[in-house]
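Shown next, in structure tokens, is the structure this report addresses.
Note that the chains are named A, B, C and D in the order they appear, and that numbering of residues resets to 1 at the start of each chain.
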Amino acid sequence: MILNIKVKILSQKEVVPNIYLMKLKAPEITQTALPGQFIHIKCSQDYYPLLRRPISIHRIDKEKGETFILFQVVGEGTKLLSQKAMGDELDILGPLGNGFNIYPQSQKIMIVGGGIGVASLLALAEESIRQGKEVRVLIGALKRELVLGEKSFRSLGAKVDIVTNDGSYKHKGLITNLLEEDIQEGWLPDQIFTCGPKPMLRKIAEIASKVNIDGQVSLEEHMGCGIGACLGCVCKIKTKEKNNNKEEYDYKRVCIDGPVFKASEVIWDD
Amino acid sequence: MILNIKVKILSQKEVVPNIYLMKLKAPEITQTALPGQFIHIKCSQDYYPLLRRPISIHRIDKEKGETFILFQVVGEGTKLLSQKAMGDELDILGPLGNGFNIYPQSQKIMIVGGGIGVASLLALAEESIRQGKEVRVLIGALKRELVLGEKSFRSLGAKVDIVTNDGSYKHKGLITNLLEEDIQEGWLPDQIFTCGPKPMLRKIAEIASKVNIDGQVSLEEHMGCGIGACLGCVCKIKTKEKNNNKEEYDYKRVCIDGPVFKASEVIWDD
Amino acid sequence: MTKKPQLEVEVGGIRMKNPVMTASGTFGYGEEFSPFIDLDKLGAIVLKGITLKPKRGNPPPRIIETPSGILNAIGLQNVGVEVLINKKLPYLQKFTTPVIINISGDTLEEYVELARKLDNISQEKGIAGLEINISCPNVQKGGMVWGTEAQLTYKVVNNIRKVTTLPLIVKLSPNVTDIKVIAQAAEEAGADALSLINTLVGMAVDVSLRRPKLANISGGLSGPAVKPVALWMVWQVFQTVNIPIIGMGGIMKAEDALEFIIAGARAVSIGTANLVNPKAAIEIIKGIEEYLVENKIKDINELVGSLKI
Amino acid sequence: MTKKPQLEVEVGGIRMKNPVMTASGTFGYGEEFSPFIDLDKLGAIVLKGITLKPKRGNPPPRIIETPSGILNAIGLQNVGVEVLINKKLPYLQKFTTPVIINISGDTLEEYVELARKLDNISQEKGIAGLEINISCPNVQKGGMVWGTEAQLTYKVVNNIRKVTTLPLIVKLSPNVTDIKVIAQAAEEAGADALSLINTLVGMAVDVSLRRPKLANISGGLSGPAVKPVALWMVWQVFQTVNIPIIGMGGIMKAEDALEFIIAGARAVSIGTANLVNPKAAIEIIKGIEEYLVENKIKDINELVGSLKI
């Protein structure tokens, strides 16, 4: 059940430069929220900015009825959001989207988060571990100061590896290389879940299909309504039928058909 | 010299319901500011609202380099202004406008303020008294809770009378009646200065012309630039020449030709 | 205690509980909003623009925010009339609120065939009227041209008029030199009502990529930014035609809706506001009612076109 | 240290230090802004619209704020060409910045006589060019009609062309079905440059008084709200004509100006922004320069129309 409610901000802090962790009192949301879903936030009181901003549900604390979001300031909306303080009210819409699909039979779960993409993956790791899966997490960041969630994932009991593009912390290079190594070294996951920059998602989709394991990617697109009504947020998804083996596709709504899609079904043009 | 500067807010408080007194650190302004002038304030950081808001200079403290404004919350701009706090910066343009003209030879000064109109008159009273004039002040308000500036004017040494429309404090009725009484009782001022609702200004203009004394009114109009460039803020002012004794008029700019006009020159239609 | 004011209006033969409708394309097929509002409380529901065959629409990004507005280039993505009839309308039949179908076509024939199809099943599927979209700026062929030349407007409306007795609402484009001429053509061609405005054509540029922000290059501007333009056009058309006007363009709150009604709109449509606040339409109905009570106006119809000049 | 990028542009024979001009009616006669900025730093100054005889203008209120925009109905109040020449121009001659006179008329004859007058004294008074306003929505006669019909546009421009060798900039109205046609007519009639857009016609209603907020009922919409419409029109016209374009409409910051330049504007005009921030034009020049440095673009002219589609 999707709700449009005002919730209280319990805390807000800048965890790494320009990235904020916000805790919301939202029992109505936590009740039904699934890992990979998001909320749609009205960041301003007025028309500037006008539209809501989609932000993933980072952590779900069912007992306390608390929802966490982790967001990066990139423009007007997220800037206003970062300026909110404890006690302020937030007008949100959610929980929205389909969320990740953890198969019961899966034993090994690989979670790959690049940059702020980590935001949508913590709740997923928590749930996977709750279900008794073996969980590995690969976190990618530009440099040491920007590494997100290392502790949080560890404390859940997941094996965590870190890659920084400049090598200022742990492994140097690309997160996708590390993924390939893990697989070559024989740790073949049953499912790969990922969120982050498009090129990374694309590469991971390739890797997953090569060793044909189920891959699920969380996509982003500019949104209007967030509830499937305006058709503003679409991405290219393959349709079953091909005509003379040219890929056929439809435009699916990230807000309701996604944000999580099967990696194998996404068409990665541009 | 008109300046466009950022000034610090030293204090802000709600003096009567919905009306705020704000103190600004603005030595550059106080140096040249005259009673009856105003400043043009950017109330928002963004486009909502877009235009500046004209607010009179309420008090000028030259020693401390402090400027006071007194404003009523009526819409988006003044609401944002009322939400500013001590320490915040304010983008202002000023001092703007002509200000009141106190004649050297004047001995008796009558100052009449209706509602928030009082805002532009305190500095005038202070200056008049500094120049050794005998100053009487008539303050009008809807009801007791809304009476503005009684103490401030008294402490300057002015004789202060108060009228409330509902009689909940001091005299009951219309401020203009009180003015007429004072005159009938023989206290004939050399100049009348006034600011407030248009009907009040109009009536005072009539009274002044009847006993033919100099009346000066401070007018309001929607503004754009505040510096005489856009011609957005005009009011009807009589021109010298009449053609076959039909009043001829020009549109004069409140922001630079005013806000203070000779009561006898204003055309009060609508 | 004061008696409740009368909110009912009639627009081109369609009776509505109140003058607040939902604008095509911003309210999906209605069902999307049922978690938030009681669809029975709306004056009327206008569905996403439909075409004869399903339409895939434009590539993303399709929506870009601009100051107090949004640019959209959906490209009329829709399920096609068959799916609309069989999958979408049944749900809406559970409600008493009039359902209006917004129709588009690339060719005159498509418009006509679509209208005929819908006319045939209008009884059984509960269709209260058709809104003819001759003003969509976001499709290659057809679309807006029908709404920018009086003769073409007359032609398409007149031909549709011949195949259906359903109330016909013609939706006008603001991207014209003189909307009064187009409005008259639509009226003469047999329109029962007019709705205006559709979106203004606009674009936005990403200066770092030096690319248009919308994949479609241009899009349709809507939201508070366009309200002054929409109001002016409603006022102009109100003085020109005798059929009722549905006003829209940037209505976010009751006060905005009242501006349109006072300027001559018999009803109003809520568009972009639905994307920001799914309860917008309901809150606006409430606000209008409060205004009528405060101003001691017994019947909303007294307010229509009451602008004093 | 990098070499300063080249900001100079030429618009219809007028050489400017940089592409940032001031929009007519928002910068007075220039002098009003001298307390805040060095007029010598501007690309060009366009003065408040002038007419043959002084004009009193419209009754107040003349300016109303709308979401991210303003509606104005000044009604071309101005001192008349004689006072302009004798009282206003001398001050501006102290500066090296090109001064452009924005001219309006009720009749063709007025336009022509005004142009001739200004042409005669252009040397001695330092007039760099004329901007023909055929798009003012706020005057009864003349005004906008000249800009809404291609033949009329051709006629007025062509007749003015005959009486002056001064660079002629034609200012186009956005209130048209197809601005490309008007642009072409102006080019064929001998315009040296085009400036667009003037304001969009709009209105606002005071719901408590049930009166128009502007005494003039309608006004011209400007400011950030109109930027998407203005950008689209600049891009359309850029693909149509060969003469340079001066882009304007909602430019508040350097990024906005760059959008216009990338979409095809050789220069830009700052309007409403001057009313909010008297230093806007100067800050925008600085911002454009910074962008060029960051993006290693040596000459602003490389950016003009560089939109990738």
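To be clear about the criterion, contacts are C-beta pairs under 8 Å (C-beta built on N, C-alpha and C of every residue); 3 or more make two chains touch, one makes a residue touch a chain.
Since we're looking at a predicted model, the values are computed, not measured.
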Any chain that touches subunit D and subunit A: B, C
Greatest separation from subunit B - chain, by CA centre: A
Contact-richer chain pair [A-C vs A-B]: A-C
Centre-to-centre distance between subunit D and subunit B (centres being mean Cα positions), rounded to whole Å: 36
For subunit A paired with subunit B, centre-to-centre distance based on mean C-alpha positions, whole Å: 57
Interface hub residues of subunit C, defined as touching at least two other chains: 67-69, 223-224
Touching two or more other chains - residues of subunit B: 47-48
Chain contact topology (line, ring, star, complete or other): complete
Contacting residues of subunit C [partner subunit A, same complex]: 25-28, 32-33, 35-36, 48, 56-57, 59-65, 67-70, 72, 74, 77, 223-224, 252, 272, 274-279
Partner subunit C, residues of subunit D touching it in the complex: 66-69, 71, 148-149, 175-178, 200-205, 207, 209-212, 217-219, 221, 223-229, 231-232, 235, 250, 255, 258-259, 262-263, 291, 306-309
Contact footprint of subunit C on subunit A as seen in their complex: 1-4, 42, 47-52, 93, 221-225, 227-236, 250-251
Contact set on subunit B toward subunit A in their complex: 46-48, 76
Contact footprint of subunit B on subunit C as seen in their complex: 67-68
